[in-house]
Each structure stands twice: as C-alpha cells, then as structure tokens.
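Reading through the structure tokens given below for one structure.
A, B, C and D label the chains in the order they appear, each numbered from 1.
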Amino acid sequence: MISQATETLLFYLFATVSVGLALATVLSQRILRAAVYLMGVLVTSAAFYILLGAEFLAGVQILVYVGGIVILLVYAVMLTRSSELLEDHPSFVRKGVAFVAASAFFALATGVFSATRIGTAGDGHAPAAVADTTLEIGRRLLDQGATGYVIPFEIISLLLLSVLIGGSVIARRSLAKAEETK
Amino acid sequence: MEHELGFALRNAWLILAIPFFSFLVVGLFIRPRAPKLAGIVATLAVFASAGFAYALAVEYLSLGGHDGWKTIVPWSFEWLRFQEHLAVHIGVIVDPISVLLMVVVTTVSSLVHLYSLGYMHGEAGFGRYFTWLNLFTFSMLALVTAPNILQMYVAWELVGASSFCLIGYYFEKPSAVEASKKAFIVTRFADLGFLLGVLILGYFGYQIASEAGGSAQAFDFLFLTNPEVMGKFSALGAGLFGIPLLTLALLLVYMGGAGKSAMFPLHIWLPDAMEGPTPVSALIHAATMVVAGVYLVARLFPLFATSGDALLVVAYIGAFTSVFAAVIACTQDDIKRVLAYSTLSQLGYMMFALGVASFEHPLGYTASMFHLFTHAFFKALLFLGAGSVIHAVHSNEIWKMGGLKAKMPVTHATFAIATLAIAGIWPFAGFFSKDEILAAALGSGHTGIFTLGLMVAGLTAFYMSRIYFVTFWGKAKTEHASHAHESPWIMLIPLVILAVLSIGAGFVPFGEFVRFGAAHGEAHGINPMIAAAGTLAGVLGIGFAWLLYRDGLAERSGVIARALGGGYRLIRNKFYFDELYLFVTHKIIFRLVAAPIAWFDRHVVDGGVNLSGWSARVFGSAVSYLQTGQVQTYGSWFVGGAVLLLFSLWMLRA
Amino acid sequence: MGLLSWLIVVPFITALAVIFTPARKTAWIKWISLVGTGFHLVLTAFTTWRFWQLAAPEAASMKTAQLMKLHLEERIPWFESLGIQYLLGVDGISMSMVILTSIIIFTGVLASWKVEERAKEFFALLLVLVTGVFGVFLSFDLFLFFMFYEVAVLPMYLLIGIWGTGPKEYSAMKLTLMLMMGSALLIVGFLGLYHVSGMNTFDLTKLAEATFPASFQKWAFPAIFIGFGVLGALYPFHTWSPDGHASAPTAVSMLHAGVLMKLGGYGALRVAVYLLPEGAKDWGLFFMVLTTINILYGSFGAITQKDLKYFTAYSSVSHCGFVLFGVAALNLMGMKGAVLQMFSHGVMTGLFFALIGMVYGRTHTRMIPEMGGLAKVMPWLAVCFYIGGMASLGLPGFSGFVAESHVFLGGFFGNPWTDATIMRTLTVIATMSIVVTAVYVLRGMAKVFLGPVTDPHFHALTDATLTERISTGVLVATLAVVGVMPFLLIDLIEASIMPIVNRLHASGVTVALH
Amino acid sequence: MIEQLATLAPGPFHWLSLTVLLFAIGIYGILTRRNAVGILMAVELALNSGAMNFVVFNKYVAPSAVDGQIMAIFVIAIAAAEVVVGMAIFVTLFGHRRTVDVTRMDQITDAAGTN
C-alpha cells in the first residue's frame, strides 16, 4: 500500500528510533524513564508490524503491551518505591561481561543469518500475500482442524486466568504483611 | 669315646642344667617370697656346679693326655635347625681349655656368691641380685662349653644381658644406669662384628659342609678347626677390600671378642662398669666375662693360626691395650677403676700372648691360658679385697682410706699377697704366668712386644703398690678410715681361699695340661734370664711406688704430676675417649641421623600423604568460588554457554 | 561345620553375645569376651594338635612337593558360576598365624579390662575385627580372602576414631584410606590372576597350577606385593602406622600391630610369591632394598621419639621390615625367618602395647621425658618391658633371636636369581639394625623405668593387677617358650615353605645374573 | 535517489539483524540492571524482539500463511502473564527485603532468617 521507497525510509527511521529507545531503557538510571522509553520501543515495534503487513498484530501490541504491561511495570515501580532511588552503576566487570555476552550473541546470530539464505518458499517470486490477515488469524485460531490453534488458544486463556488469580493472591498476602511490619 | 666315660662326663649336661634351673627356681619362685633363702639357694647351686666341674675335670684328666688331649663332645642336641648342614646344637665340649675355664668360672663364681652373701647384706634387691648372678654363671658356662660358634654367640649375648642387669643393679643411680647402657651397647656393637663373622664363616662353611656331606655342621668348632676344612677356608681368596675372606671373617669375629674383653677401641665400657656392686666387678669384670674374648680366640686358634695376619692384629691390639691401660691406671684415684684398668692391661697381656703364638711356637697359647688361670684368682682377690675395704670405708676414693693395715689385718694380708702376685714376684702365681708370656713373646721373635711386656710389668707393679701403700699404709685420712673394722668372716673366707690359690696356682705344671699341637713343645722350664728381667721390673716398680707413697700421702707424687703438666691431665682423663664416644653417639648419631630421619618421616613421607588430602580440599574450595549467589553471574555464564554451544553446533553443521 | 569354621565363628558368636548384653553391664561384657577368647585359645590348641597329627607324617614328602598341601579342608561352593567357593584350609604358616592371633586377642581383651566408655561396642567391634583376621589366615579362596581382609580392616576406623586418643579422627581416616588404597591394588591383582589364569576359579591351590605369562607377572607381582606391603608397613607406605598406633586404644593397637600387620607379610608370601614366582625373581632385589631402608629407617626413627606409642610404632615398622626382607630373600631360610618374625614380632608388639596401655592407665602420660624411675613403683611391668625390649633387640632365649638369625642367614645366603654381592651388602646393612635397636630399646627403657623416680606422685601408683599379670604373663611365656624351644614352631612352618621354594626353583629359566 | 533507496530496501537480513540487535540489548539489560523491575523491562524488550522475529519470518518465509503472526500473539500473551507474575514476586520481595536490588539478594534467607 505504501510505496517501496517510503517503506525503506520508514524502516530505517523506526529502526534507529527503536534501537535508541531500547538502549535508553537499558541504560537510564531512573527506572520510571526506563519505563517510558520501553513504551516508546513497543510503539515503534507496533509500527514495524504494520510495515510487515501484520496490522492486527500491531493493534494487539499496542493494546496488550503498551496498554497493559507497561502500566503494570509502572505500578511495580511505584509499589516497590524504587522510583526515587537512583540506580547506581553496575560494576565495570559486570558491564564488561554482559556487553561481551550480548555482542557475542549478536555477532553469532547475524553471522548465522547472513550465511543462511532465507528465501521464500518458492524462490524467485513471492507467493500471494494473505489479503486480510486479521480474518485469516481469527479463522486459524478457532479452527479445530489439524492446522488449527484452538488448543494453544484455550491453554493461553487458562494461563492468563491462573496468572491473574495467582498474582493478586501473592500481592495481597505480601501487602498485608507489609502493613504488619510497619 | 672308646673307653667308658666317667659319671660326670656321661651326663655333662648337668654343668649347664644346675645353674639354669636354679636361676629359674630362684628367680620365679623364691626371690619374691624369701630373698634371704634365694641367696643361699643360689650359692649352693653354684657350689654344686663347681663340684660337678671339678669331677668333670678330674675324669677328663684321668683319660690321659700323653699323646695330646682329645676334644670330646659328650652331649649335644639339635636346638635350632636352619638348613641341613646348618643347625645349632646346644651341647658341652670338653677339652683342656674348656675344662680350665669351667673350673675357673665355677670356682670364682661360687666364692663371689659366698662373699656377696655378706657384702650385699641388707640391700633392697637382694634376691634379684642373686638371680642375675646365677643367670650370669649359667650363660658364662654355656659360653665356655659351647661346641659350636652359634651357641657361643647365644651365650655371648646372654652374658652381655646379665652383665647389663648386674651393672645396673643400683638402677636408681643414674650413673649406674648410664654405665649399664654403655656396656650393653658397646658390647652389642662388637657383637655385630661377631654376627657378621659368624655369617661369613657359616656361608662358606656350609658350602664346604654340603660338599663333604654326612652330618657335618658348618658351625661346629670340630668342623671349623679340622685341618682340611681349614685348608679350604684359607683357599677362599680375597673378600672385601682384598683382605682374604678367612682373615676378614676372623677379624670380624675377633671384633666381638675385643668388645667383650674391652680391647683398645672398645674399652670405654669396662671402667664405667665399676658402677655395679664390687662382687659383680670381681666376678664379671675381672675373672670371667672379660676373658671370653681370649677364650674365643683360643677356641678358634687353629683358624687364627692358619690365617696368620689375623693373629698379628690380635697381638698388636693386645700389646697396645696393655701399655695404654697400664699408663692410665697409674693416675686413677678410684680403687675399682685402677683395678679395672689393670684388668684391661692384663687382658692385653693374654691377647698378645695368643697373638705371638703360632704353629711353630705354640708356647704363647699355653702361656695365655696359664695367665688367664692365675689372673682370674689374684684379680678376683684384689677386687674382693677392695670390696671389703670399700665396705668398711664406704667410699671408693683411695685418698679417703689409709692406715687400714692395723684395722683390717686379713684383708691387708690377702691384698698384699695379690699385689705381689700381680707384680710377678717369685713365689706367687703372677710370676710364673707372666714369665711364660714373656718367654713366648721372645721365643717367637716378637722382641718389640717383649720389651713392651717388660715395661707393662714394671708399670703394673708400680700402680698396684701405689694403691696398696695409699690404702693400707700411713695414717687414716678420714673419719671412716679411722674407725674402720674388719669385714665379717663370710667375706674373709673367700679372700683367704683366693690368696691360697694365688700362691698355689703358679706351681701347677700347666704345660702338661694345656698345649697346642704335639706334646713336645718348647722347654717348659723357667728361662732364668727372662725371669730375672721380669722380677727386676717388678721390684723397680714396687720400689718406685714405695718411694713416692710409703706414708700414704700424695704430695711427693704431686710434684711429678705437676711436672708432667698437660700430659698428666690427659692421662688422668683417660685420653678423653669417653667424651669422644659420647660426642659421636649423641651429636652425630642422634642429632645428625636419628632426628633428621624422624623429622623426614614426619614431614616428607607423612607430608606426601597429607598433601594429597590438602590438594583435594583446595580443588574443592576453588570450584565452590563460582557459587556467588549473584543471579546475574549465572545469567552471564548461561548466555556464554549458549553462545558457545550454538557456535560449535554451527561450526560442526557441515 | 568343620573345625576351621568354628575357629572363625566362635569370635563372631562372642561378638553377638556381647551385642545382646545390656550396655550397662560392662563387667558382663568383659567376662563374655574373655570366656569367648579363652575358649578360642583352647580350640586353637586342639586344632594345632589335630593339624600336627595330619601334617607330621607328610613333612618329609613336602621337601620336593611343588604344591601346597592343605589339611582339615572345608570346601562349599558359593558363587558357582564365578568359581568362588567357601574354601578353608590350614598349613604350617597359617596355623602359626592363627595361634598368634588367638593369643593376642585373648591378652588384648585382658589388657582392655579398664575400658568403660561404650564397652559393648568396643568389644563387639574388636571381636568382629578378629573374626576377619582368622578368616584371612584360614581362607584359600582369593575372593573369600579379600572379603575377610576387608572385614578385618574396616572396624579399625571406628575403633580408633571413637576410643582413640590424640588426633584420633585424623589417624583413623589416614589409616583406613591408606589401607583401602592397598586393598584396591590387591583387588586389581586378584582379578588379574582370575582372568589371566583362564581357569575361572579363585581357588589358590588351583591357581598355583596355572602358569602365568612372564609379562603379566612383571606387573601383577609388584601390584599384589605393594598392596600387601601397605599393610605390612613397606617403606614408603608405612606412614599410617605411627599415627594409627599412637592414637589407637591399647587392645586395638595390640591387635593391629600384632596381627593385622602380619596379614601383609602373610599375603605377600602366600599369594604374591607363591603364585607369581617369575615376578618375584624380577622384583626380589627391588623390594629387598626397600625393606632394608624399612629396617634401618624404622629403628633410627624410634631413637628420638618422645611418645612411647610412636616409639613402639617405629620399632614395629622396623621389625615388619624384617618380615618383608625375609620374604624378598626368596630362599628357605629367609621365608622361614619371615614367618617366625611375624609370629615373634606379633607377640612382642602385643606385649609392648599392652604394657604402654597399663603404664598410661597409671601415669596418664605417654611422654617419655615426663616419666622416670617407674621400676621402683611397678616392678612387674618394668620386668615385662625389659623382657619385651630384650626380645625385640634379638636377645637369644627369646623368639626375636630365632627369627632374626633366620632372616640374616637367609639374606646372606642369597638366591640364584639375584646378584650375591648386592644381597650380602644389603644384609650387612640390615644387621646393623641390631645395634640401633639395642640403642633405642635401652634408651627408652632407661628413661621410663630406670633412674630415680622423677614425679613425686608416681610413688602412689600401683603395680600390675591380676588381669594385667595374666595377659603380660601369657605373652612373655610365649616369647620365652618359642625362644628356648624354637623347634616347636620351626617344624610347623618348614614343611609348608618348601613348596614355595620349590616352585621358585622350578619355574622357568633362571634370570641371568646381572 | 529513489533507486538508491530501492537497493537499500529492507530484506529479511535487515529485519533479522534489527530484532537480534534488540534482543542483544535486552540481554545486556538483563545482565546489568540492578533493579528487579528494570530486569523485567529488559525481558519485555527481548520477548518483544522475539515476537517481531516471528512476524519477519512469517512475511519472508510463509507469506501465504499467518502462523508466524499467531505465534507472535501467543508470545505477547505469555509476556503479559510473565510480567504479572514477575511483578507479584517483586512486590512480595520488596515487602520482605525492603529492596529490589538484585545484587544484594544472594542469600535464600536474609540475615533475620526469614526468606
């Protein structure tokens, strides 16, 4: 739908923004700012989804990730009162080791990807992209057939339910204890 | 054994059995309950064995010795069997020298037992003393009657052990304990040589015996001393450092003899052995044990004679020891130490007498045995006399005695006889045996040794008369000496008997009984020229001593002592040999050998084991360092591991 | 159940009886153990008499025998498929060892009459240990041999670790670990024997018929010899013995030094030399050098020891050196001397440790400098110590001399396979130990027993009680009897050593004299 | 200029290197963050890049199907669940230990012995 050139332009734009924000979330000393930067990264990745033609997914992303998870993280920051304290820098050794581990992973992964030829199923021309991905996703999710995802779908829902209850129970018990100790 | 043996000869084993069983009975049963009775029973047992020994002697002599005395082994049984031709028999050998020794040992031992009943009266371990004395008598008799060299070695050790107990009788006195230890260890060191000699003789004897076959036993004296075996031995060729094997073996065996008879390098223990009670010194360190070395050389004399140069060594060591000891004896103050050095010197005499003897001139052999015979009596008498003086004055120092001539007439008379005997004055025994030895030395061409012998004779006369004058003449020098009184009769009887023997022993026609080889031998009579020289030396010695010490005081001799200066002090401290030996044992052996080995074992060998334990622990703790508890450290290890794994998988995918 | 099985089972039954008596009744426990071991002594005497009846007639024929002759044999299949069977038998060597063990355990029980703390477990473990020892001496199936060997070694850890003194845990641990290392070597050797013989049997008598290839023997012999050597205090592996003995309680160190260390010598002779003659010839000289160091090293080490138990431990290292020296001499006199030395040293060390236990019970110190003049206060113990000392330095009239003279003559006479001059020099060096032994024995004895009484309240100490008199008396009597009448033991042993000597002479070509 | 842009069009390699870069930054964040919630954020970042990866593969490898995107949805759902649990734990942790600094939590029980 949007022309090839603008797509490339957008891609690089968003890529730099996303990497910048990601670095910010990881390095910033104030945890609240880190939360905000994280939100930025998630928004840019939603944009990427659109670029990649997964509009439904971009919506889900914005809804679940940005709407839910980031807010939760902010709550966590508030509850653990860590927003005031300034996080001191990790020791040089730890940073060094982490940097080496991360860059080694990055180098290995890019090396592998560059060496492998990720081609479309048929080489040369790309088969017809799915017209309406959301419809297709909906059908596949509830399809009881062999290729359907209904079982994982149900399991996920079960998982989310249990997490919901578990989380609240754990949090309530500890909050009650926190009241006593005060 | 063609003709019938007398009663004693048939059951010769009694000579060993009596003292042994009396030792067991007295030691185990009587001593704990009734010490007094133990003493009496022990003395009776020794008297019985003395009687038996005389019977044996008479019977053996009655067998007639006109064509040379036969050596018979009336009784022996197989005690310890190593291999066919290598078995140890316990038995009794009867030949001139063993009969002589049996008589001497039992006589002196019984007199000493009798004397001890008085002397040891009131001592704490009265029973224990007599038990050990009985054991000593048994082991000495076993040594003397040994038909083979291993029984002699066995008895040798037993004699050493019982002398250890007797020297250390006053075990609460540290000096006595030290002396007994020193005696045992020095003689044990000498016995090491003896054992090595026995091993060599045994090995080559076994080779010869197994060729000869039959019932030949490698260790038996009869086997070792019969001519063609000796021939084979001397043909053995060079052993260690080029010394012919026979000579090497004999020198090693002689080392054992030298240790027991306190010859020069191994003499240090005898003077200290005076720590034991005086009757012990009289019996062991004068008459019996110390002559064991001489008896050993006499027993193996044919072998020694074939090897020749072994005899030379014996002669030279003997001569040197006699001079060396005589010189020291002149400077000692303790009466028993003077007698100890005099014994050393007389033993040197006997040794060099044997040394000068050979197949051609066997007179030395007879002379040495004769001197052994006479010396046993007058030396025992001297010791017992000294004992009764010490008993009265309660001190060994001659400068604390004096003027005892009047107060102790019997002791004085007998001591005087013994002094004249040892000085070699005519009617007394010493004159005859010493003259024989000098004649043997001159006869076999050893003029050097002859002159040394003369000099020693003079010195002996000097130091003996010195202690005689200082002890008995002049005025009483201390309280004790002033109101000393004569010893009880039980102590005096042995003195008198020994005095009689000291006089009579000289007239015994010794040449007939004890000689080596055929009956002819050299003219046995007294050679007037040598006799005169010997007597002159003796008289000179006595006269010189009379000049210095006639009033029992030391100031005249002090002048000479100061004149000699350093030399005098050197001699007086026995040429510092004791200190040298102490230095060698303590500083070198204990400090530089034993302690490092103990340290080495504790730290290095032990360390090795502990090291393995320690390294296991260190390795364990090193691994535990990784468990830091930091979640993120684990995270990094996790990521690192994953990357490595992926990388290796990717690398190996081809 | 044959006679020999009873010999093994009686101590075990006593142990059970002890376990079932209530812990409070320590007197009962002691009496039961005493009765049990006493009965065992009688049983051993009877077995010896029966054995003597059977063995005496064949003694002459044994002169040329190539194979060992077992008497009173009991053979019950156990693991048929593996060829393991419950095979008990006895010949001269094991009979003398059984006599020794029976005497030592009897006197050991008597010597630990004062053990009050947890007496039940102490006596039970002691009896289990001795069951293992009897098992080893009587079993002729390598697997059974090894099993009893472990039964003999393991209780040692508990006995030292709990009832010991000083760094007891350390010594117990070190002792057990080093002995385990030894038994590891052993099991390797035994399995080697089992497989290479290809006869699918562990029976020692049958394995003797198999001819093992020289290359196998070259490594199997040292493995087995060192495996046993660790227990027999071979030079570099002896370090467990001073600590182990110093920390062990009286009866345990009596049993251990007196009997367990003899397992080493016994096994080396019975398994290593008997089954692997070629290996023995190759390694004979090497082990002779090691054991010569053993002898002198142990005796020199003992001179400067301050603690009485270390003093005795080093002396037993030196005496065990004699045992292995005799075995390595590979000739009749040497091996006969080794067995005699095992017996006589067993009794001697048993006596020494019993006396030290008794002295320690009174003066509560084992440090030689702190003691002195005890002879005045305890004459009986002093005389026994004197006799033990004289026996250990080889005074004739005691068994020590009999054994040592054999070993020296054996070493000196040498064997056709080793260079005579080297062997003779080694023997001469070994003989020097008689002087060094005399030095340390007399030093120790004089410092502790002779001289003036150093500590005033030593005067109040008592002499030996009845039980102590019996135990020391029995040991001294054994030393004297074997010393004065050695032919009792020698005839028992000589017939069973001949096969080992004949096999050595017969097996293969003699190695060129190098 | 447009043609040059065309040559730079993002192919699968570009997308993948982007997601991997984000993932690496996530790892770096996990391993260095001292604040527990910070680690949670880094984890979110990593999970998000994982989901994106699915979508990239879906686009380039199997455009005709939507399996990649479904997987991405599941990843997002699980990420949500994970954050809830993480938050609950950290809140209780804060209740007990009064801190969320990961480096000081290396003992199972704190000094007082409570967990």
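In this section, contacts are C-beta pairs under 8 Å (C-beta built on N, C-alpha and C of every residue); 3 or more make two chains touch, one makes a residue touch a chain.
These numbers were taken from a predicted model, which means no experiment stands behind them.
**Q** Relative to the centroid of every protein C-alpha atom displayed, which chain's own C-alpha centroid is closest?
**A** Centre-most chain by C-alpha means: C.
**Q** Approximately how many whole Å separate the CA-defined centres of chain A and chain B?
**A** Spacing between the chain centres: roughly 107 Å.
**Q** Could you give the separation in Å between the centres of chain B and chain C, each centre being the mean of its C-alpha atoms?
**A** Chain centres of chain B and chain C, defined by C-alpha means, are spaced 36 Å apart.
**Q** Based only on mean CA positions, could you tell me how far chain A sits from chain C in angstrom?
**A** Roughly 79 Å, centre to centre.
**Q** Go ahead and note the Å separation of the Cα centroids belonging to chain A and chain D.
**A** 6
**Q** By residue number and range, which residues of chain A touch two or more other chains?
**A** Chain A, residues with two or more chain partners: 94, 97-98, 101-102, 105.
**Q** If a residue has to touch 2 or more other chains to count, which residues of chain B qualify?
**A** Those would be 632, 636, 639.
**Q** Can you list every residue of chain C that touches 2 or more other chains, as numbers and ranges?
**A** Nothing qualifies.
**Q** Which chains touch which?
**A** A-B, A-D, B-C, B-D
**Q** Looking at the complex, which residues from chain C come into contact with chain B?
**A** Going by the criterion above, the answer is residues 174, 178, 236, 238-240, 242-243, 297, 300-301, 303-305, 314, 332-333, 373, 375-376, 390, 393-397, 401-402, 405-406, 408-409, 412-413, 427-428, 431-432, 434-435, 438-439, 442-443, 446, 449-453, 486-487, 490, 494.
**Q** Provide the residue numbers of chain A that touch chain B in the complex, in ascending order.
**A** Touch list, chain A to chain B: 94, 97-98, 101-102, 104-105, 108, 111-112.
**Q** State the interface residues of chain D toward chain B in the complex, per the touch definition above.
**A** Within the complex, chain D contacts chain B at residues 27, 30-32, 102-103, 105-107.
**Q** Per the contact definition, I'd like the list of chain A residues that touch chain D in the complex.
**A** Counting only chain A, the residues touching chain D are 4-5, 7-9, 11-12, 15, 18-19, 22-23, 25-26, 31, 34-35, 38, 41-42, 45, 48-49, 52-54, 56-57, 60-61, 64-65, 68-69, 72-73, 75-77, 79-82, 87-88, 90, 94-95, 97-99, 101-103, 105-106, 109-110, 113-114, 118-121, 126-130, 133, 136-137, 140-141, 149, 152, 156, 159-160, 163-164, 166-168, 170-171, 173-175, 177-178, 181.
**Q** Sort out for me which residues of chain D touch chain A in the complex.
**A** Contacts found on chain D: 2, 5-6, 8-10, 12-18, 20-38, 40-42, 44-45, 48-49, 51-52, 55-67, 69-70, 72-74, 76-81, 83-92, 94-96, 100, 103.
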